[in-house]
Every structure is written in structure tokens, then in C-alpha cells.
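Multiple structures are listed underneath, in C-alpha cells.
In what follows, chain A forms one complex with chain B and a second complex with chain C.
== the complex of A and B ==
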């Protein structure tokens, strides 16, 4: 227990927080007793597990958190790092029930498949790491105009996203969506197109300042001949998948010098040289830190702006070097580090995190049901259209997710979902509240915060939630009218929490 | 700038999905049109001639009226070089004025920034629709996006709020939760400010429907509803200078006939009602409307519809507009087509520049990214 439960000078809100500690422990203990288990997660363990699941996944309902927390933090980290130990999404069943989702050609239905997976996956980190790479290797439908092909790139991120960075970069270079997006199909022996070569070095691996213009040209030469097989015309039947093709006759077979290495280099050689560079280790470490740990300045400023926590970056760089760029190993170090465990609420949720996290708690999108295209649309309206990032630089994150229009949407979405008493997850929370021995307004606030996290909120928010709860006194459940009113009070409080500033943070 | 002492107001209507230029302003006496459009054409008894070459389709008779009164400029052959046939890419280009690289800052957002550099009025630019178009996005430029004016506001999504009293209590709670909190960090403070901005915007804009009354009866289409919302906010005098809304889908690959006609009936009615409403309130002389689509459609039809093309047509409408035709209709001769499409002969950035410079009174060069030929329609 690290919260200051006994501080004599504490404010009204902090006193309440102390009560909250107690009531949480009691409710967790009760669940444990009911399940016949012996280890009872402490509040701190629950808070930390909620943090881990929000960052490594998209959050989860309270009951699942208790199960996870009682397994122990490090074993849950291992579980997350090995997604294939968990059952996959049943694609056959999915596409039978939601046939429009497979190979959908236009937004938002083309984004619904991924939304479904993020909400319903039992492999949260598999989806989260795919989102990470989609952000870092941003490929956009605005130009590619072939959502199923970008979908295949996302599937590749699921497959390779936790493995070797080198292998992933090679797969990326072979991704037809990427080849088309950065014009490598126009990169020929004797007539190079530098687009892919430049972004590979600037945005996907080394970062500005760690290579020369000549390195871009030489890397581009090494990737000549990496192209797309002739496409099946779009009309009259629609879009077809594209296929990677290596054309030796269009590959520049002369000597090249890239970052000091000379030889008849091909694409694979370039990737090996790249991943051996200290700059790559550092660049990837900063990306992982920014996505999983805490908001950082925009990537474009990294050349001149040091990281907020240089020591953490060094720890990740060491993990990169020791594992030769094995993403799983780096993430193991990251999730088990103190800097991660101390980074509660240090990130503004992306729209995907906010939306998926909210419906996972509310349970209103559980399983095969229609409507994931609506979630995808909502995500776009909040500023993150999946498969269509604004540019090759990906989305601007952190505070840049927020403007008046986006915030209004975030608040209205989350409050609308959590404030609806018909959603199964909201019903569960109502029942949990109703089961409590005391029915005080303080209990109402503490149970609602626990059920949506456990969330720790600022004093200003806590005070307002209490004020709101106090105005109608104790909850009563004797008559149908009282039950209806009490249910609404719970839902209203959940809506207020979902509307708070604190809820905007992951 | 034209003679009005009020602040200039721009209303942008985006026709999403690529409007068929050839069946909007119909080259009804051109043999190539009839050769290329054996199935998807506007038959002679359904055209309303403008001159002996071009005609409106008859579903647009309100547009014809506005044109005859000299309050509509038809801008021919609008587009840009190497027009992509992708909706998304083309729309991005229209939104950001970046034809070669992927841009992120919207041209309307830059206009709003230059009109209100300190971002004082969160209603300087208002979008009606779901989500912000990229044209209106730029970091640090506050804009407001309204789905339905009547129900716009924080907590509008929460079901079961039965009384105004309860709504007020929730909004008060929201305001207190977002009030300045010292020492909570810059992001918390920024969130607080933005939350209060959103609340303020919603609070100010809600007076618009309360103040509004009109004898004009708008149709029930979504475009008419959006224009009615625009009219209400404009008439409430809240300092809004740019309005944005979209209509569609114009992507008529199949069975174009009925759907394309319906879209233009809806638009003509809505635009007509909108200006009638403004005139009734003596508030039309400082409003100019720009109507555009991301590109036109293929000259040759595909049997029941048309595929993606290049050059399109734009309209600029308003009391201060010098009506008439500008630029020229691109040649329909097969040897003049590019991949079967009309070749654009007027860069859309010239169209924007004219509006930005001559109407909004701003320097267009930094907004559209260069000097482009302006026209005399304003």
C-alpha cells in the first residue's frame, strides 16, 4: 500500500481516497474468497495491472483484471509477450457472421475488421504492437487506395511485430502496400526513386542526422528490383491483392557504399547494416518509450530534443543491443522496468485506445455483432482513421490528439457508452455497487472508479464526483422506482468519470 | 473587395465522391458528348440551355435562376496536373493544396488562423457534419464541428437525461472538472482549456436556434438541414467567417441516372432556400459560397454509370459574385483527353486564391503555397 492513507493533514478528497483503498481491498477479497483462491491482489497490484493492460493492450473489465493481478505481474507480462499461447480470433466464424468485413474496399467498413480484433482479442499485445508499427511505419489509404492490401500489412505486423527488428524491416520492404505508398515500384536500376530509401532511414530506422544524402541514394540502389508483380486491373471486378516480386534484371548489381560498408549490397544487407547502427537502437527505443511509456515531443524534433528520461532510453538501448534487436526482449525489459511502472497516466489516450478501452469495459461490443464500422468511424471522427494515417510521419500524438472538436467527441462517446444502463458491463458495475454492504455516496464513487480502472483521479475530479454523488444521498434499492433511480445514478457517475480529464489519459 | 461593411463570410460545400461534370453543365450540342455518353446522358428534353453549347440539367432549375440573376460564377475545367483517380488522394490535395507530398495542414484552417491569429473565437470556423475535414485541421487552430445544431453540446450523447435541470447540473460538473488546476502539468491544463473552449463554443452556438425565425421552409434532406444550421449560426452573428459542409455520395459508377439527379435536386433546393433565408434577414450580401468536388468523371460512360475522371466544375455563388462563366470547358475531342478524361485547364489553387485574396482579404500565397492565376468572379 503506497497511498498515504494515514496522513493527518490530508484534504477531504485524500481522506476519501483512504476510504477508497479500504473498500477496494474488501471487494477484491470478496471476489477472491468466492473463487476459492488464496492470493489477494493488493490495491497497488490492481492499479499496476490496470496500467499494464491499458498500455500493453486496451484495458479490461475489473473481473478480468483481478484474475490477471492474482497471477503476478511478471507472469502476465510473459503471457502478453507470447500472444500465440492464447486462442486466436476465429476468422472463419467472424467472416461468416460479418461477411462484409473480409476484403472490404472502402472506409469505414474496411477498418471494422481491425476494430473487431482490438475489442475482442485474447492477445491484446498482438493488436497493440500492430498499432505501434502502423504508427511508426505509417502507410495510408489516401494514396494506396486498397484497404485489403494495407490490412495484409497490419496482419504482417501481428506476425512479425514482436520478433526481430531486422526481419520486420525486410518484410516491410516486401509489403506491396509499402512499395506502392513510397514508390519503390518506380525505383529502377539506373533510375532510382529515393522515396522509400529516404523514409526507411529518416522515419523507420535511423532518424534524421544519422545518415547522408549519399546513404539514401545507395540504399535506394540496393532496393532496385524490389517491386510489385503486375496488378490485376481494378475494373470490372474490384480490388485484388498485390504481390511482392523481386526482379533481378532491374536490380542494380554494382558496388555500393552504405554507412561505410562497401559491396554489391542488396536490400537484406542494407537492413543488416541498419540494425547494427547505434542510432537505430536509440531511435526504436524512443519510439517504444513514446508509444508504451510516456508522451514525448514529436519525432521530427528528436534530432535536437533530448528524451525526457534519458536513462530509460539507455536501458532500452541496452536491451536492444543484448538481444540484437529482438522486440519481445526489449518490451520485456520495458514492461518490467520501474520507469514503466511509475508512468501512470503519462500518456494521452489515442482515439483507438479511448474507444476500444471504453467498449471493453462497457461490454457492448463483445463477440460477433454488427456495428464495428461505427466504432471505426468514431475513431476517424476523433482524429485517428485506421489504415489512413495523415502522412508517412504517422499521427501526432500526446496533447496533439486533443482539440475542441476531438475532445467533445471523446467526451460524448465515452460518457454515452458508460452512461447507458443497458450495456452488460454497466449492468455488472451496477450489480457490484448494489452488492455492497454500505450504500453511501462515497462507496458509489469508489466502486465506479474501481470498476473503470482502478482509476486514480485528481483531487479536483474526485471532489466533483463526490459532490455529485452526495446530492442524492444513500442509494436505495427497495422499490422499482428506487432501483431505477439508483441504476441511473450509477450510470450517471460512470458517465461523469468517462467525461473527466483524467479519463483522457492511458 | 466588394461593397459590404460586414466581415466577409465563406461557405464551402464539398461534393464528396467526384461529381460528373459532363452531366452537371451539359455540352448538349457537342457530338463527342453524345458519342461518349450513349447511355448516361441528359436527354435534350431535360436540359436548360445557358447558351448554344452548354446547359444545366433541368433538375437544377434553381441554379439556373441564380445564374440568370448574375449571382453565380461557373468555373470550368478545375483541377490540377497529374490528377490522381483516387478519391482520397485527390481530396487530400484539395484540402491541403499539397500536390506532390502528403500535406497535413488544411487550407481552411490557415484561413481561420489568419482571420483570428490568437484563436480567440472558437466559432471562427464551423464545420457541419461528422468529424473535421482535413481542410479545417491544423495544430493550434481551434475550430468547431457540429453534427446537429439542435442537439449539439457536451453530454448530448448521454441517454435518459430527463430535465434541463439535470443537464445543467452535469454541464456544471463538467465545467468544474475542467477548471484550471495549478501544478497538474501542461497537458492537464491544456485539456482543461480545451474542454472549457468546447463548452463555451457549445454554449454560444446554442443561442443560434433560439434567436432564429424564418418563413423559409427547408426540405428535410441532410444538406438542407446543414444549410439551415449554417443560416442560423450566421444570422446569430457569432463572428463565424468560414462554414464547411459536405454532401454526397457522388461516386456514381452504377445506375448514375436517378442518384445523380436526386443529389442535384437536393443541392439546388437547399442552396436556394439558404440564400432566400439570408435575404429575408438582409444578411446575404457578405456571404459567398464555394462548391467543389475532388474531380470529375470519365467522358465515356460504362453502361450505367461513369468512372473516375479528372477536370471538374466549381461554382461560386453570392450577391457579390460577378456571375458568368470562367475558364473554358475542356475539349471533348478524343485526341485531347488524358486517359479518357477531360484535361484540367484551371488550377484549383487559383480558385482558392481568388476567394482568399479578393473575398476574405487575406494573402493567398502562403495559404495555397504559391502564386496562381486569379479570376474576376469577385
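== the complex of A and C ==
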């Protein structure tokens, strides 16, 4: 059987795109009608909403996207920017059901805790911004050896991650995991350790070329006495919290000069001076652009490599300056900008994005269940071991996520999840397909692409999907054998889509 | 305080047992324990994900006597084990919230059979949590996600039930543990409603144990409950990391917060073998280690020993309710 071509001037793929558009609008209209609403999101609105939710979150099942799209784009941006308006993860319930997650002793369990939150959160940007700061302020269990303590740093990112950059930096300087990671507990009056001071300027705020070696020394002096209280060892009774401690007797109270500012500077003063620097605005703008908008070169080359879209960076710098470094305000400008809306599929999904996005669509990790550590391990095997970035520079992103081994794992994972007919989200897609008036192979492809996005794919991918779907003709649902076969066909097509090159992009 | 004196009672800290371990001597996120025959204590570890699920056999002198069970959905294994009790013949029963089963073992841990399946009809289970035998050898099961308590014969036939979801008097919200007193009345840790409710066997509400309007005696997510032969009621106040004690009428008496200033023998052995840990402990404020962290279950034995199990410290803390206590000279 071949795909009917009703307009000889259009390619099969182009014709099919038109059918897909119609099919999507009709399915949206049905949902809206069932909810007593009259307005129907356009295809463009749905595509844009899927884009927003992939970037500001981890992607959503189709039905949720329809609900969001019907609210309007800017309204949803505001929802995302105010996560506390949505219910939090019920931690008491979580620790009742999954008691080992609290004060976890092994790395996979703390990673599983975060996986649970990313998959089940009703505050997607709260988790996504935490992931952003974890990438930018990379703190690794390879040295800290205390996953729950890094988990507390992640919780701090949830709390402060959308607020003032200055406040966030101060909290970061007080994070026991960070203090240990960058040796500030060894930074004493009269015997400074420059590790924290150097990375604060190089990787966390200004970027190379925007400070001197003397500035590093002076910043380090200002953070003397910022340390960790003596800790109870984790063994043999489990984890105990680490606590920040300011020791005034170990703080250098002499005059310091940092970036042209002179006085008896303490850590808070250093952060205020940092956030007032134009270089900080530009550095943070590039980080936000790279994480939320489009893949860019790694940070290490920024001193010599200009941004791909300098105008976009200027827009974000202006937003930084106008808001005095308020992250929420900068992201509002970013998500509502044309450069963001035009950046579809301009990023390779990180392993966390690929895994969480896939299981959110498949619904197989919804709520409490065993096995979130398997998701965390999968993330590590794909190259992103949460809470354990490879260095203080964080992960290399973009195309660096893809190598032969990682790609195989990504494809096998996504295809395996979406090809499993027992998963609730897959069952929903099967039922959606089954409810369609026509049961043509073309409809099968269009519904599956809709349900996994709406996902836009290349002509090559579309042709491959159609060729596969056409092999077995129309779907039939009359006998148990036909039902089983049709369900398998839907799942196989979903697996093919998940295995496509196009699905690797956010 | 190692010794707490309140309302004519004296609660005196004795010792602790336990440490973290994925297997063997120690526990891992233990959820419940039961006092068996001849001094045997069975401690149920929930573990984490696919590791650590087991029943440890010990006594209150810190002697480790073996273990049984492991992770899995097969017979004799657990996924989310929650509660444990022993019948009059010494057989051991374990509830599993994930498989909705009650698994039965002999006293040494050989698997016998299991019963229970998912559902909300009479006799079906959704998240079976606390379990306790009454004097008729019938098993009462907190059917947590059905927000009720059900009674079964030893081998599974359904007998009766009470409770519905809600926050009104006699209603339940994700109840957790339970215990049964000598009158066969049933005390249920009403986790979601921050209280304990006492019922007659036919489900009639008798007493509510909860905080007063000014917060005295309050509870936050109570998990376990025990009652001694004098009618005093002990509640593991899981969300507040303490044990609240009430008299039989529901009047609040006092609070225990954990007093394990001396490590258990198992813990001390570990410490002694690690000089770095010895040094670190000498520098740190050790008080957080003494205190309860997620107390999850409590029992009182015939000798008025109050035994508290801590999920997050993998440990039992033991107190004595003293009968012959004489006050010391107050002008020392």
C-alpha cells in the first residue's frame, strides 16, 4: 500500500504535514469541547507551548499541553515563573512512602529523590532552574561524598533560584557542600585558600578576563571564616546535616580592595560588587541563553568566542540591569522573546531532559513506586550523573551529550519506554488512535507525532515513519487478535519516533 | 533528659541497639518491630529501592541472631514492607504496602504462605500498613489507602472492618500503625489527621489523643502507638521526631526526645575500628545523634520497657517506666 497523493504538486511528506495539522486541530477541539471551552489553540500555539514546556520544564503529555495552550502563552509563562502558586511535592508523604530517600546513604538514592521530583513536580520551572544552577555552580559528589548535602544545595536552588542573583550567590557561599567542594573550610585569616574565590569569579559570576589575580586574593580574604561547623560522621547511624558556620575570629578584618572597591569587605560585600559588574550580567545572560535557548560553545571558550546571537544576549543583559539581577524578570523577558520562540529544536536534550520528558509522556513513573534509582542510573549511564558533575565547569552540553555509546543508550531507553503498551501514557495514546474516525496509516503517524509533542520531524524521518506504518495497512480493532496487533503497531511507531534523530532535540 | 519525671510517672533511659547496615548486624530504614517469644525481637527493615529489605532477629542484649527475607515480589520477599507481628503460635506476619500482601513465616523465618490482594471491597487491601493480633489470634490490618481498619483470620478470611476517609471524629486519613490493648480496643495512628483514635472492636470511637488548642501534646504525622498495662499510651510522633505520652483518657503527660548518649555495642565496635571517626566525633556537637530521628514504631513489654524504633537512625532506644523511683535530694 502506498500513501495516496491528492495533490501532485505536493510531496507525500508535505501533504502529510497538512493532514497532521488538521488532525491536531481536531483532537484539540475535541478536548476543548469536552471541557466546555470554545476557543481552540492553533497548531502554532500548540507547537509553541510544547517548546516552552520542554525548555522551562521537561515536556508534558499532550492533554496537559492542550490545557496549557488554551490559557495563552504569556499566562503560562507567568505560571511557570511563580512555582509556589502550584502545590509542592508533599515531602512528608514522600518520606513516609520512600523513607530511605531522607538522608540517603548512597549516591543513587539522592539522585532518585531528584528524579522523583522532576518527574512528578507540578512546578516544572522550579526543578529546571535547579538543574540550571547545578550545571552552572557544579558541585560534585566525587569529592563531597555526601549526596544528601548536595541535595540540600539543590533544594536551596529551588528556593532561591528564581530570585535575586546576589542573594543566591550568598546562599551558595554558605552552602556546606560548596564550602567543602571548593575548600573554603581551609580558607583562614592569614593563610588564604583561593579555590572558592577563583571559581566564584571565573565560573560562577564574571568569567575569565574580567578580574585580576589580586581580585581573587582579595575576594578569598573576604570569605575567610565562612566555614562548616564540625560534623557528626555519617557512619554508623546515618547522615547528619552539615551546617554553615561563620567564625569571626578566623575572618580577615583588614582593608581589602576588590574590583576597585576598598574597605573592610566581607563576603556579602563581595557579592554586591560582583552583581554590579557589567561582566556578571553578560556572563549570566550567556549561561541562561545556552541552557534555555540554544546550544552554544562551552564556557571555557567564551572569552574568545562571541555568542551566536549577540542581540539576544544584549536583551538579556538589559533585563538583568533593569531588574538588578532578578532571575525571574530575566527569564520573563527570555521566554517571551522572539529569539526564544524561534529556537525550536536548537538544543540537544540533556540526559535528564530526555529521560524525564519521556517518562512524563509515558506516565510509567507517575506517583510513588520503586525504581527511581534506575532512572537516576540511566541518566548517569547516558553521561549526566546528577549530583556528580565531572568538574566545577559542569557538564559539556549540546553535541557533547552525544557519542556512540550515549546515543545508543538514549535511543534504547526512549524507544523501550514508548514501545511498552503497559505504560499508562502509551495506553492513552493507543486509545486516542483507536477513537479516530479513520484508521489509516497516515492517521496513525499523525496521532503518534501529536501525542509525543506535537513533535515536528524532518521529511526524512516522516517518510520513514510513513513507510513503516503503510506496511501493515489500516488499523483494525474488531477481534482480540486485531486489537493486540494494532496496539503493538501503535507502540512500535511510538518507539520509532522516540528513536528518531528529531526526538534527541528539545 | 535521661530521666523524665511527669505526672507521677518516671521514664528512665536504658540503652540503645542498632546501626545502619545493608545486611547482617544492623537495620536499614526499619519500619516496625515485634517482641516475640523467649526474648526474641524481630526488626523489619524497609531498605531502599532494591536493597536492604529483611527481618532481623535480635534480642534486647544486642545479640544478632540472623535474618530472613529480601527484596522482590516473589514468595517470602518484600518490596515495601511496613509492619510485623507474631501470632500466638509464634508465626511471624509481615505486611507489604506495594504487593498488598501479608506474608507469613515460621519463628525462624521459613516462608509459609501469603494472602491479600489489591482492591477496596471487603477483605481487599490497598497499602496494608500497621498490623496487630488480638487475643483471639485475629489479625487487624490498617488498610491505609482505603482509610480503614480490617480484621482477618490468621489465614486471610475477612471478618470485619471500620473506618472511612475523612477528618471527622472516627474518620481516618492514611492511617499508619495500630495496637490493641488488653480490652481488645484498637488504637490507630491517624497519620493524615495528626491524632490517634481509640476504637472498640466494632469500630465505635472511644478516645481521641491529640494536641490541645494551644498545641500541648500535639502530633504531626503519628506513625506508631503502644499502650501499657496501666493504660498509658505512647505515640511515635514521626513528623516531630519525638514520642508523646498520654494517659488513658487522652490527657497529655510528657515527651521523650531520645537520649542515646552512649552508642550501642554494634555502633561502638564500628567507631572503635575507625580512628578518623573517633576524632570527628570528639569535635562535633553530638546531641543530634542522641535524639530521635523519625521514630516510627513503639512497643511496651510486660516489664514496662518502652522500646522506640527510629527509621532514620536505624536504631532502637529503650526506656524503663520505673516503679520504685525515689527522688534525689534537690539541694545537691
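Here is the rule we use: the second predicted complex is superposed on the first by the 491 of 506 C-alpha atoms of A that agree within 3 Å, B and C clash if a C-alpha of one lies under 4 Å from a C-alpha of the other, contacts with A are read in each partner's own complex, and residues count from 1 in each chain.
Simple rule for what comes next: a residue touches a chain if its C-beta (ideal position, glycine included) is under 8 Å from a C-beta of that chain, and two chains touch if they have at least 3 such contacts.
Everything numeric in this text was worked out from a predicted model, so none of it was measured.
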Which of chain B and chain C A:370 touches, first, second, both or neither: second
Chain B versus chain C as contact partner of A:99, first or second or both or neither: second
Chain B versus chain C as contact partner of A:240, first or second or both or neither: second
First (chain B), second (chain C), both or neither touched by A:478: neither
First (chain B), second (chain C), both or neither touched by A:412: first
Per-residue touch tally on chain A - higher for chain B or for chain C: B
First, second, both or neither for A:249, with chain B first and chain C second: neither
Where chain A meets both chain C and chain B, residue numbers: 235
Complex contacts: residues of chain A adjacent to chain C: 92-93, 95-106, 108-109, 112, 229-233, 235-238, 240-241, 370-373
Sites on chain A touched by chain B in the complex: 140-143, 145, 235, 295, 348, 377, 380-383, 388, 390-392, 396, 398-400, 402-409, 411-413, 415-416, 419-421, 458, 460-461, 464, 467-468, 488, 491-492, 495-496, 499-501, 504-505
Interfacial residue positions of chain B with respect to chain A in the complex: 84, 86-89, 92, 101-104, 122, 127, 130-132, 134, 137, 139, 142-145, 154-160, 169-170, 173-174, 176-179, 181, 184, 186-188, 190-192, 194-195, 197-198, 201-202, 307
Contact footprint of chain A on chain C as seen in their complex: 19-21, 26, 28-29, 31, 46-50, 52, 79-80, 97-98, 174, 176, 191, 221, 223, 238-239, 266-267, 270-271, 274, 276-277, 280-281, 283-286, 288-289, 293-294, 296, 311-315
